Each structure stands twice: as structure tokens, then as C-alpha cells.
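For reference, the structures are reproduced in the following blocks.
What follows is a pair of complexes built around chain A, which joins chain B in one and chain C in the other.
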Partner chain A sequence: MIPFAFYLFAVLITGLFLVAVLSRNVLYAMTSLAAGMVLISGLFFILGADFLGVVQLIVYVGAVMGLYAFAMMFFDVSREVRETRSNPWLVFLLGGGIALMLVVMFAAPIVGDSVKALYPPVAHTTNPQAVGLVLFTKYLLPFEVASVMLLVAMIAGIILAGRKMEISLSAMDEDILPETKENA
Partner chain B sequence: MITLNHYLILSGILFAIGLTGVVRRRNLLMLFFATEIMLNAANIAFAAISSYLHDMSGQMFAFFIIAVAASEVAVGLGLLILLYKKYGTINLDDFTIMKG
Partner chain C sequence: MMEVTYLGVIIKAILILAIISAVAGFGTYIERKILAFMQRRLGPMHVGPYGLLQIAADGIKLFTKEDFIPQNANKLIFMIAPIITAATAFIALSAVPVFPDFTIFGIFVPSVASDINIGILFVLGMMAAGLYGPLLAGMSQANKWGLIGAARTAAQFVSYEVVTGLSLLAPIMMVGSLSLIDFNHYNETHAWMVFTQPLAFVLFLIAGFAETNRTPFDLLEHEAEVVAGYATEYSGMRWGMFFIGEYANMITIAVLASIVFLGGYTDLGFIPGWLAIILKIAFMFFLMLWVRASWPHVRPDQFMWLAWKVLMPLAVINVVITGIVIMV
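Let's turn to the complex of A and B:
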């Protein structure tokens, strides 16, 4: 049962992400990316990382893709994305070659069996309990640093996107463009 | 039987897809999508290694990657909106403003 589920998820994720990368419509790319992320949380559930799967569903599919959907309202996404075609096979070979090199590089220690388990899960605990036990003891300092980073990112997002919010680009007359046109 | 190598190969394939997107995309929003794909590929590798080696560290790193991705999206989209208000486009080829 698990091999079937793994291969189903793997094929679907690969196909959906290929659509997300190759499609010329922003809406298609975004929806296929969101669907692929839902299926990735399925992979996490297969692996026994229940809490990670739930976080993936809430944060990635809920928050991040929702943020992209809101940001798409600012841009003109109705027309198709125009892209300069600079020899796509060269680009494909280049990306594949770099990725293959990276994978070989990072998979080498795994093949060498030199990795030891530092923090094995505590016996007789469910996955969220084990995550909490490790996160709030061994990884407490990175957790706090991550919380400060999220706070900084939130303030930066509000300030960056909130500047000149009183100027609406869509409901603007042609003759009272303040300084947006002269910089263009 | 699904082994760790299956997951690592899947993660490598997804990372290659994301890297291909980063190389070939010219629209900044699409470029962000490609980086999200790469981060998710890394997350799959971390979760699989964590599960097969019985170590919780991999899942911890996956959580931190998700936190980094969320803050990246917040700041990046703010900058993208500013760029669009200033230049009226988010196409990378239109930003050749440093004429040498």
C-alpha cells in the first residue's frame, strides 16, 4: 500500500511542479503549485512526520499560497507571461547538470553511512510530542531566533507593501499620475 | 519496498525542476514559485532522512525552512509590489536600468 501511495504522490507532484514551472499562465502555475504542496504533505504523512505535514498544509498551502493569491491582485496576470526563448535545451541541460551535481554532493554522506542519529524520538510518544520535546529543549535558541525573524519579516512586509497605499493604480485618472510615470 | 534513496531521488528531481524554473523564468512572480519548489524539495529530503535514521533533527530543520520561506515570501512580495508601482512591470528583462 505504501509503495503505491509513494509512486502515486511522486508522479503527481512531479507533473504538477512541471506545470508550475513550464506554464505561461500565472494562475495555472499558482494552482498547480498549491496542489503539489498538498500532495507533499501526503508524503510527510507517509513518512510518519505528522506534525510537519500539518504545518506544511497550514503554512504553505494556507498562508504562503494565500499571500501569493493576494499579491496577484496587484499585478496584471490576465495576459500570458512573455518570455524570451533563449535556447531552452541549453537552459534545461544547465539546470539539470547543476542539480545533479548538488544532489551527488549532498547525498554522498548518506551513502557513506557516516550519519549518526543525534536526537532519536523519545519512546512511547506520538510525533507531535516528540517534535515538541526536541524543539523546546535542543532547538530552543533557533526557535526564538526564527520567531524574531518572522516578526521582522512581518513588519518589513507591512511597511514595504503599505507605502503609498492611498494611491490606487487601478482607480487613477490618466493625468494625475504623481511620480510613477516619470520614473518608468 | 520504498527506501531512503527513493525519497532522495524524488527530492533531487523536484530540485532540478525548481532550478530549471529559476534559470528559465523571466517573470519575477514565477521566479518565486520556482524557489518555493526548491525549498519543498529540500523539505522532502529532510523529512525522509529524519524518518529513516530515526532522528528528529531533520524535521526541525524542515520547520525552520518553512519559517524562512514564509518570511521570504512576506518581504519579497512587499518588494515586488513596490517594484510594480514604480515601473509598472515585474518582468526581469525590463529592469535593465544600469546602462553602462
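Let's turn to the complex of A and C:
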């Protein structure tokens, strides 16, 4: 049952991400990317990593794709996107890179057999507890660095977006608004 | 004894689909009746006794109506979008326990279709994925009102989702588990969470109203402003599916609030557990209709102001205070 589920998810994810890359329609690309993200959480569930699967759902499907969708509002979704490929060297390099990556992926099981888990999960812990134990002992420093980085990004975002924040267009008196003056 | 069979899971999945679809249909009738009584009207009266058969009439109308797809719409996405809303709402319900475990014909039946030990996060994650229904519907239909509805969906989503997660974090810290069944066991030995975490309860309710697009926050489809928002171009059963999804989400929020904050399915004095939780869910459902009858809806900028500048800081403070109390 588990190999069947894995191959089903693997084929679907690859197919959906191919659509996301190759499609010229913004809506198709966005929908298939989101669907692929949902199916990746299925892979985590197969591995018994329920917590990571749900985090994948909330963070990637909910938050990240939600922000993508917000950006997509600026495109006309009924029209196809025209891409300009000017540099043939870029195509050559990327194609070569993808071929190399495929070779590495197919060779991975040979190397993977000898890999041992450095921090195997502690017995009798649930999923979130196991993640928490490793995160707050061995990986405390990277965790804190990541949190500081996110804080910096948040403050930068507030500063970039926060100019003229005290002026609210909807709270303004209607005849002060510049557009209505022009119309009148 | 704790054996989970494929057959049992399939039966429970079908039961959830059948019962919740029926309850969603009946919910529309109850909503119209209660709103009518609160506004001193009669509501649906003509079809059947007290208008009870109105549901059947509405169902026949929805099924037989022409399934209309606008000319310039992206047809595939337009057809998929309502299915996403309905499907995610039902998948979220699969991890929600409603009744205590029971034995029928000598077979032990656990109360939840799939008891994953991170139940509460799964439900929230799946409801978060439900955002794509209105979003894709609005963007694919080549209609300005729909696009405004979709933009409001995205804006509303990033606002309330933070509050939902943070408001539930304090109860999760107190229980020390993400399993909804553990939440229920916690209620057996402790006071109801609504008394120990009143602020979290209020925040969760407000975020829940936003999550289900109920009236104070029904920005996505408010008729007076954006015609019908994301559902402008929909008709027939595809339109119906959006609303089955919305009612299923209302039930999910009601069940979550009952289990996390209102004592779940523990016995309540002389009332057995299964009856107690049905009464609680019914009360939460009624509360949503009550609020709809009593309050006007807010503007989008007011809602975002409320979510980011009031609710989120309150939720964070609540989490910090809970943490200090647990540590001391």
C-alpha cells in the first residue's frame, strides 16, 4: 500500500510542477503549484511525519501560496504570458544542470544506504515533541538565527510599506480626495 | 480493540459526507427561519408544513438549473473552484471527533474517521487550503466583481489566519497535545477552557466568523458592495457547492469551539456526552445566525485593522501570559 501511495503522489507532484513551470497561463501555474504543495504534504504523511506534513500544508499552501496569489492579482489572468528567452547559454546551463541533478537523484540510493541518522527520534515522543527536542537542543543556534532574520525581514517590510501609513484613504473626507476633485 | 479497518474508515467517510450535506441543506432552512423570527417575519411558509419542504424545492432548483460558464472565463479552473471549497471543508471534518467512542453490534467504533495525533493543526491547515475555492473562482471568471471578491479573499485570509493559530496556541500549551481527543480528556479533569482561556475563546470565535465568511466579515460576497463577489458568475450546483462548503466549515468551527473551549463530549451532569456536544454545536451554529441578525458587516479596511492591530497583539499577549503562568 505504501509504495503504491508513494508512486501515485510522486507522479502527480512531478506532473503538477511540470504544469506550473511549462504553462503560460498564470491561473494554471498557480493552481497546479498549490495542488503540488498539498500533495507534498501527503509524502510527509506516508513517512509518518504528521507534524511536518501539516506544517507544509499551513506554511506553503496557506501562507506562501496565499502571498503568491496576492501578487497574481496584478496580472491579467485571461491572457497568456509571453516569455522572452534571449540567452541561449542560460538554456544550455539550466538544461545541463537538470540532467546532472537527475543523475545525482538516481544515484542517491547507492549513497543513501550507508547514511545513518545522526539524531534518531527519541523513543515514546509524539511528532511535535520529537521536532521540538531536536530544534531546541542541537539546532538552537540556527533556529535563533532564522528567527532574527525573519524579524529583520518583518521590520524591513513594515518600513517599506509604512510610509504615509497614518493617512487612511477611506477615513478621508470625500472632497479632499484628489480623484473626486478632478471629476467634479 | 483499537483496530481500524478500511471498511470502517470508508463507512465513516460516507456517513460524514451524507450527514453533513444533509445538515448543510437543513442549515439554510434554519438560517432563514431564525433570521425571519428575529426580524419579525415568517420566513419560508408555502412549501410543506412551516415551509419545511423548501429545502427540497431549493435542491431541485439547484440541480436542474443551467450550469453557466462565462465566455471569457478559464473554463477548467472555473469548474474546479467550487469542488475545492466543498472538498477541503469535508476533508477537514475527517479529523474532528464528534461523539465518544462506542460499541455497535460488538464492534468497537472510534469516534473519529482518522485519529491523527496532530488533529487540530490538520483541521486548521485543511481549512486554510479552502481559501483556493473563492480565490480561483474569483480570478477565473473574467468578471470585475469576481476579481474584487478574490482580492478580498486573499486579504482577509492573511489577516484572520494568524489570529486563528495564535488564539488556539494558548489552549494547546495548556493541554500539551495537538490531538483533539486529548483536548476532550483534558476537559474531563479540568474546568472548561472557556473559563480559563476566555480571551482565546473570543479571539477564536471572531477568527472563526472570518474563516467561514459569516456576516460581520462576509467581505468576499457582500451583496451590497460587490454583487456576489467570487460567486457572481456561478449558478446551479456549482454555486450550491460553495455554500455546502461554507455550512460544512461553520459546523467544523462549531465542533472545534465545543471540543476545545466548551467541554467537548464529556458527560454534563445528567446529560450524556453525545447529547451534550450536539447541544453545544447547535448553540454555536445558532450563535452565528444570531450575530448575523444583530450586526452590520464591516468594511475590508476595518476588518484588517481589527485583525492586525487589535486581535493579533491580544493573542500574542495571551500566549505570553499563559506561558508565564505555566512556567511559574
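Here, the second predicted complex is superposed on the first by the 123 of 184 C-alpha atoms of A that agree within 3 Å, B and C clash if a C-alpha of one lies under 4 Å from a C-alpha of the other, contacts with A are read in each partner's own complex, and residues count from 1 in each chain.
Here is the rule we use: contacts are C-beta pairs under 8 Å (C-beta built on N, C-alpha and C of every residue); 3 or more make two chains touch, one makes a residue touch a chain.
Note that this is a predicted model, so its numbers are computed, not measured.
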Partner chain(s) touched by A:I40 [first = chain B, second = chain C, both, neither]: first
Partner chain in contact with A:V21 - chain B first, chain C second, else both or neither: first
Partner chain in contact with A:Y60 - chain B first, chain C second, else both or neither: first
Which superposed partner A:M72 touches (first chain B, second chain C, both, neither): both
Touched partner set for A:A49, first chain B, second chain C, both or neither: first
Chain B versus chain C as contact partner of A:M149, first or second or both or neither: first
First (chain B), second (chain C), both or neither touched by A:P128: second
Most chain A residues touched (candidates chain B, chain C): B
Chain B and chain C contact sites that coincide on chain A, given as residue numbers: 30, 51, 55, 63, 67, 72, 77
Interfacial residue positions of chain B with respect to chain A in the complex: 1-2, 4, 6-8, 10-27, 29-30, 32-34, 36-37, 40, 43-45, 47-51, 53-57, 59-60, 62-64, 66-75, 77-82, 84-88, 90-91, 93
Complex contacts: residues of chain A adjacent to chain B: 2-3, 6, 10, 13-14, 17-18, 20-21, 26, 29-30, 33, 36-37, 40, 43-44, 47-49, 51-52, 55-56, 59-60, 63-64, 67-68, 71-72, 74-75, 77, 81-84, 88, 91-92, 94-96, 98-100, 102-103, 106-107, 110, 115, 117-121, 130-131, 134-135, 138-139, 142, 146, 149-150, 152-154, 156-161, 163-164, 167, 169, 180, 183-184
Residues of chain A touching chain C in the complex: 25, 27-28, 30-31, 34, 38, 41, 50-51, 54-55, 57-58, 61-63, 65-67, 69-70, 72-73, 77-78, 126-128, 168, 170
Residue ranges of chain C touching chain A (in the complex, touch as defined): 72-74, 76-77, 80, 116-118, 121-122, 124-126, 128-129, 131-132, 135-136, 139-140, 142, 147, 150-151, 154-155, 157-158, 161, 165, 177-178, 299, 301
